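Chain IDs A, B, C and D follow the sequence of writing; residue 1 opens each chain.
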Amino acid sequence: MNKTSRLRERFVEARSHSEKICEPLEIEDYVPQPMVDVSPPKWHLGHTTWFFEAFVLEPYSKGYQLYHDDFAYLFNSYYNNAGERVLRPNRGLMSRPPVREVMAYRAYVTEQMLDFLDKNPDQEVWDVIEIGINHEQQHQELLVYDIKYILGNQPTFPVYGEGFSLSQEVKKGFVKVEGGVYAIGASGDGFCYDNELGQHEVLIRPFEIAENLVTNGEFLEFIEARGYQDFNYWLSEGWDYINKENITAPLYWHKHKGEWYSYTLEGFEMLDLSLPVQHISFYEAYAYAEWKGMRLPTEFEWEVAGDKLNWGQLWEWTYSAYLPYPGFEKAPGALGEYNGKFMSNQNVLRGASVATPKGHSRKTYRNFFHSSCRWLFSGFRLVK
Amino acid sequence: MNKTSRLRERFVEARSHSEKICEPLEIEDYVPQPMVDVSPPKWHLGHTTWFFEAFVLEPYSKGYQLYHDDFAYLFNSYYNNAGERVLRPNRGLMSRPPVREVMAYRAYVTEQMLDFLDKNPDQEVWDVIEIGINHEQQHQELLVYDIKYILGNQPTFPVYGEGFSLSQEVKKGFVKVEGGVYAIGASGDGFCYDNELGQHEVLIRPFEIAENLVTNGEFLEFIEARGYQDFNYWLSEGWDYINKENITAPLYWHKHKGEWYSYTLEGFEMLDLSLPVQHISFYEAYAYAEWKGMRLPTEFEWEVAGDKLNWGQLWEWTYSAYLPYPGFEKAPGALGEYNGKFMSNQNVLRGASVATPKGHSRKTYRNFFHSSCRWLFSGFRLVK
Amino acid sequence: MNKTSRLRERFVEARSHSEKICEPLEIEDYVPQPMVDVSPPKWHLGHTTWFFEAFVLEPYSKGYQLYHDDFAYLFNSYYNNAGERVLRPNRGLMSRPPVREVMAYRAYVTEQMLDFLDKNPDQEVWDVIEIGINHEQQHQELLVYDIKYILGNQPTFPVYGEGFSLSQEVKKGFVKVEGGVYAIGASGDGFCYDNELGQHEVLIRPFEIAENLVTNGEFLEFIEARGYQDFNYWLSEGWDYINKENITAPLYWHKHKGEWYSYTLEGFEMLDLSLPVQHISFYEAYAYAEWKGMRLPTEFEWEVAGDKLNWGQLWEWTYSAYLPYPGFEKAPGALGEYNGKFMSNQNVLRGASVATPKGHSRKTYRNFFHSSCRWLFSGFRLVK
Amino acid sequence: MNKTSRLRERFVEARSHSEKICEPLEIEDYVPQPMVDVSPPKWHLGHTTWFFEAFVLEPYSKGYQLYHDDFAYLFNSYYNNAGERVLRPNRGLMSRPPVREVMAYRAYVTEQMLDFLDKNPDQEVWDVIEIGINHEQQHQELLVYDIKYILGNQPTFPVYGEGFSLSQEVKKGFVKVEGGVYAIGASGDGFCYDNELGQHEVLIRPFEIAENLVTNGEFLEFIEARGYQDFNYWLSEGWDYINKENITAPLYWHKHKGEWYSYTLEGFEMLDLSLPVQHISFYEAYAYAEWKGMRLPTEFEWEVAGDKLNWGQLWEWTYSAYLPYPGFEKAPGALGEYNGKFMSNQNVLRGASVATPKGHSRKTYRNFFHSSCRWLFSGFRLVK
C-alpha cells in the first residue's frame, strides 16, 4: 500500500473514531461546557471538521462549496489568522446547530475530502491533511477528558462505558541512567509536530527513575500524612491554588461514609489502590515528590529513559517548562499558530494515555498543560 | 361544573401547556443556561413537576413513591426549607436526566396527581394545588423569556414560531385620574398571591397616564437624541450599568448596515416602529421618561387607572419598590418563601404580557424584577 | 444678627469643624481607602473645599484664581456635569497632594470665601453656600465613619478619642400612634434638601413603635438563638450577603476568649450590653425584627411618631425604599445630581447619629444607604 | 580588615541605604499600595527590620526583647513557617504604625544587632546576617520600583529626584559566542543564593548576541509598525494580557498632544529615544523579537556571553523559565522558603539595574518575575 492510500485510510479511520467516542452519549451530553477548558462534544466534532474545510478544501479544492457560511465562525478555535470566532467560554451556549446537523456537516466534509483525495493532490496538501488527522486525534483525546468531566459533574454520576480504564503496573524498581550527552527531539523521519523538531544534544547527569507510576495507594499515604495541609511541600502558586479551590484530593475522588471512591467512565467505584493515581495537577505531583524527598524528571531525562520505562497509561508531568527547542521555527500562515504561541508558563508532559488514539504517540512527543490542570489523564513518576 | 372539577381541568391544562411551549425546540435547546437569570427549559419542566411532588404528593398522598431520589436535589429552586439543591448558576451543566426522562417524570407525576385528586382531598390540599398551578404558569412565562434568550444568542438566530408577537396599540392620549383615597390590593375573592393581600387605602394625587405603551419609534428618537450618552437622564446605578454592559439600545436590537433589526421568536426582522418597545430595563424606562420630562407611574397609580388602560401586551415598569403591603403575612412553611423574602431592591411591574398564560393575570398582580433585567417581556407607559 | 452674618458664622464653624475631627489622626491615617465606600480623610477635606471653589468662587467671584489646576480632577466626587475625576476606588492611591497642602488649600479657599462674602453677594449665592455648608456637614459625618473604619481595621486597634460614644437609652415601652392622614415632608421653612420637599398627605394605619433602639444585649440574644444561621428570618439578598461575606455579628464585634468585645473610637472594649446595637445592615435589622415577630417602621411611620421618640443616637433603618416624593423636582445644573439620581435600590434611614454635626438634623431628613452597608452609625427600632 | 568587620560595615551600610532611598518621600507616600505587587515603603522598612529580629535576634541573642509583639504579624511577608501575617493585598491599609515608629523600630533593631555582633557570634549566625543584608538589598531595589509606581500614578507626576536614570549605550553590534560545554551557576566562593548553586555543565550552540539593549527609539518603530495590534508576534498569553489590560506601549509612556513622554523619577519628560527601553513585560520583549525575526537569549547564553556584554542598566528578560538547577537543595527551616517555592511559571532575568544596590550583582544572579510584570526596571537584548 503506498503512502497516499495509507493516509487516506488513516483519514477515514480518524473521522469515524471521533464519532465512535461519542456513541454512548445522550444528545444532551453534547451541549454543556462545565468549565472553560472543556469544550462541548458537539463543538469538537464540528471544529475538527472545520479544520479540513478551512485548511484543505477551501484553499486547494477548486469550486468547493462551504457547507454553511456561519460554521467557520462557530467552529474556529483560536486561529486568529482564520477570522472571528465564538468566544471560548461561550461554546456551551450554542444549542444550534443540533447534533444531527453537525453529523451531516461531518459526512459532507468527509465525502468531499475523499473525492478531493481521488484527484491526487500535491505533497503540500498531503502534509496539511497529515496535520489535520493528527489534529483530530488530539481532539479525540480531549473529547474523552471533556466527556468524563461533563458526566463526572452530573449529580447522578452516569456510566459512559468501557475502553479507557487503567491497569495495574507491574514493575516496581528504579532504573539507573548514565550521564552524558544525548540527542533530544525528533529527527524528522515520520510525522511529528514543529515543537519536537530541532534534534539537539543535551547534557544529562546520571539519575535513577521509577519504572512505575505513583499509585492511588501511595498517593493516599500523602493525603493521610496531611500533605495537602503542609505548605512546606508546595510551590507557592500551588499552595495558593489548592487553598483557593479547596483541593484536598485528586479530581474525581469522593469520600463517602469514610471510604474513598472515584468517578470513572465505568461509573462511581471504590478507589482501586493498586492503579496509577490519575487527574492530578503538576502542583500535586510536585508536592508528593517533595514529601517523598525525591523529584519529578525533566522532559529530557524522561526522553532519555523512555525506552526502559513502561509508559502509555497516563501523561506524565515533568518539571520542564514548555519552551522552544534551539532553532525552533513556526510553520508559516495560520498553522504557525499551532504550537509556538503557547510556549509560556506551561509544563511539558511526556508519554501518552489510555485516551491517546492509536498511532498518536511517540517518545519525542511534547504535550503541555498549565500546572493547575487536573481534568486531563495525568499521572507522574519519581526520580531520585 | 364544580370547583374541584374546574381545578382538575386547570391542572391538566397547565401541565400540557408547559410541554406545548417547548414543542418547537430541538433537544439541544433544553440544556444551556446563557446567563444566571435564565434556566434551561429542561429544568423548568422538572422543577414545576417537583413542586407537585414535594408539596402535594409527598406530604398528602399516602404511600407515594418518589419518581427518583435525586430529583428533589436537581429540581428544587430556592426553597431552603426543602433541602439541598443544585446551585442556580450550574443548571446549564446538567445534561442528565435527558429530556425524555424529564418528560417521563412529568407524565408520572401528572398521573399520580390525577389519581390522588380522584380521592377528593381536603380543601387544604386544593389550596396548595392552586398555588402549584399558578406556580407552573409563572414558569411558563419564564420559559418563553428563557427560550427567546437561548435562541436569540445563537449566532444563527433560529426561528421559534408564532404565538408571542405584539400588536400595534390603538389609543394615543392621556387619561386623567382624580386624586383621592383608593383601595389597593386584592380583596381575597378568587386566587391571588400573599403579596397582593391586605387591601388597604392609599391616598393618590391627581395624575394623567398614557393610554398607550411607548413604541419602538418613540424610543428610537431617544436613541437618536443620544439619550444613552447623556448621564443627566439616568439614575446613577443605571448609568453605571449601561456603561459597564455597553448597552446602547434595547435587548435584541441589532444595527445592521445602517438599519435597525430585532430578534423575535419569529426570526430576525426589521424593527417595526409602530409596536411597543420591549426588553428594556427599568433604568432605560426611567431615562426615557426623564428625557421626555415625564415620569413612570407608581404601582398604585397604575392599579387605580388600570380599568381605563389597554394593558396585557407587556409587563410595565413602575417606579415603586417591591415592598410588603401593610399587614403582610407570609404563608407558613416552605411556601412562605414564595414572595416575602424577595422584598428588597426590586421594582414592581404591573399588567401582563403576551407570554402570560391565560387566566394568570389580574389588575392587582404584583410582578417584580431587578431594575437591570431586560430579558423579560417588559415595556412601560408615561405619566405626567 | 442678620441672616447673612449667621450664615457666615456657620460657614466658619463648618470649615473648622472638619479639621477638628481630623486632629487626633496621624498623617498616615489620612491616606488609605480600605473599602470603596470609604474615602481617605484627606480626600474629604479636599472635596468639601473644592465644592466651594467649583460652585461658588469660580462661577460668582470675579477674577478668582484657582488654587491648583489639578484639584478639580482630584477632588470632584461624582458630579458628571463638573468634568472628569479620579475614579472612586483609586482615592486611596493618591499620596499627593500631602496633607499640609490640602490644609493650605482649605485655608486659601476659606479666606477667599470670606473676602467674597464681604462683598454681599446675591441671594442665589447664599443658597449655594447653604448647600455647601450642609454638604460639608454630611462629609463630617462620613469622616467619622471612615476614620473609624480605617482605624478599626488596623491590627493594633488604635484609640481615636472621645466625642462619638453612645449612651444608654432610658425609655422602654411602645408608643401607640393613631391611624389617619398625616402631612409628610418638609414645608420649606428653613433649609432642607430637595428630596424632603413636596410635603404631601399620607394615609397611615395605627401602629405601635418602640421608644428605644434595640440594644446590644437584645441583639446578642438573636445571635445566641442562631439567628444568623436560620434563613427563615432573612431576605433572600440578605441571606446571600451574610453568607458570602461570612457575617455572623455586627461590624466591629470581636469574640475573644469567649467574651464579646467591640472596637470603638475610644479603643477595643468589652461589649456594653445596655447600649444600642450599632453598625448593622438593613438586612440584619430586618432579620432581627422577623425573629421577634415584629417589623421595622416605614419612613412615614417614623416621621409621624418622631416627636414622641427619643432619637439622635443612631440613624435608624426603615423598611422604605428611597424614592421621590410626589412632585419631586431636581435642582437645575450640577447640583441637580445631588439627590435624585440615587433614588433606586437604597433604603431610607431616619433620625440622626452622634456623628451628625449640630444643626444638621431634622425630623424630615431622609438619609439613604444600600441595604448591605454597615460602616455607618446605624441602628433600628421595632414596630408591632 | 577581617571578614566580620567587613560584614558589620556592610550591615550598617545596608541599613542606612534603605532609609536614604526614602528620604525624598512625603510621609503620605509611605502608605499606599496601588497594586498587589507593590508594597508601601513603610512596609519594606519594617519588613527588612523584622527579618533581622526574627531570624537573628530572636533565635540567637539571649534575652532579646521584641520591639513590639504585633510587628511580626505586620511585617512578615510570606514565610509560612514564621506564623500568621497581614495578607499581601492589605498592606496599603495599614496606616499604623506611623513612619516615625517604623523608624524607631529600625533604630532599635540596628542597635541591638550591633551590640549582638560585638559578642562575636558563631559562623552560622554570620551566614544568616549575610542573607539578611542581601535580603535588605533586594528590598532596596523593590523600594525604588514601588516608589516609582506610587509617584508615577499620581495625577500630578511628582519629582522624586536623581540617582536612578539610565545612560545611552555605546556599543552597537553583535558578539559571536562559540558553541560548546560551559559551566553554569555559582561555584560557591563568595555569597550567592541557593538558586545559583550546583554549578553544572550546559551544552550551548553557537549564537550571536547584541552588545546593546533595545532602545526606546527602536521600540517605537515596533509601536509605529502596529506591532501591538498584530497577534502574529505575540505569545497567546501575552496577546490576551495586552488586550485585557489595554496595553499599547511600555509602562510610564504617555502620548500627549502627539508627542511621546515618559514618567521618570526626575519627572515627566519627553521620551529620550537613545536610552534603553524600560518597563516592559516579557511578553512585549518576546513580541518585539518576533517582529525583528530574532529571539531573546536563554539564561545560559546570557551567562556565557556576560563578560563580553555591557550590562547593569536594566534587568534583562531571558526566554528561560525559572527552574531549579540540577541537584538544587532548599535551605532548612523558614529560609528554605526563600527561593525554591517560586520555581514555577516565572521568567529568569539576568544582569542588574541602576536600582540594584552596589555589591548586589553578579553574572550568575538569577532574578525572576512573572511574564506580565512591567513595574520592575526591565529591558532586553536580542539574539540571532
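Quick note on the criterion: a residue touches a chain if its C-beta (ideal position, glycine included) is under 8 Å from a C-beta of that chain, and two chains touch if they have at least 3 such contacts.
Chain labels with UniProt names: A, B, C, D = Ergothioneine biosynthesis protein EgtB.
Only a predicted model underlies this, so the values are computations on that prediction, with no experimental measurement involved.
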Practice problem: Any chance you could name the chains that touch chain C and chain D both? | Solution: none
Self-check item: Chain whose mean Cα position lies farthest from chain A
Solution: C
Exercise. Take the average of all CA coordinates in chain B, do the same for chain C, and state the distance between these two points in whole angstrom.
Key: 37
Practice problem: Indicate the whole-number Å distance between the mean C-alpha point of chain B and the mean C-alpha point of chain D. | Solution: 58
Quiz item: Between chain A and chain B, what is the gap in Å from one C-alpha centre to the other?
Solution: 45
Quiz item: Which chains touch, pair by pair?
Solution: A-B, A-D, B-C, C-D
Quiz item: In their shared complex, at which residues does chain B touch chain A?
Solution: 26-32, 34, 42, 70, 73-74, 86, 90, 92-99, 150-151, 153-156, 158
Practice problem: Provide the residue numbers of chain D that touch chain A in the complex, in ascending order. | Solution: 78, 80-81, 181, 200-203, 205, 231-232, 234-239, 282-283, 286, 319-321, 323-324, 326-327, 336, 341-345, 371
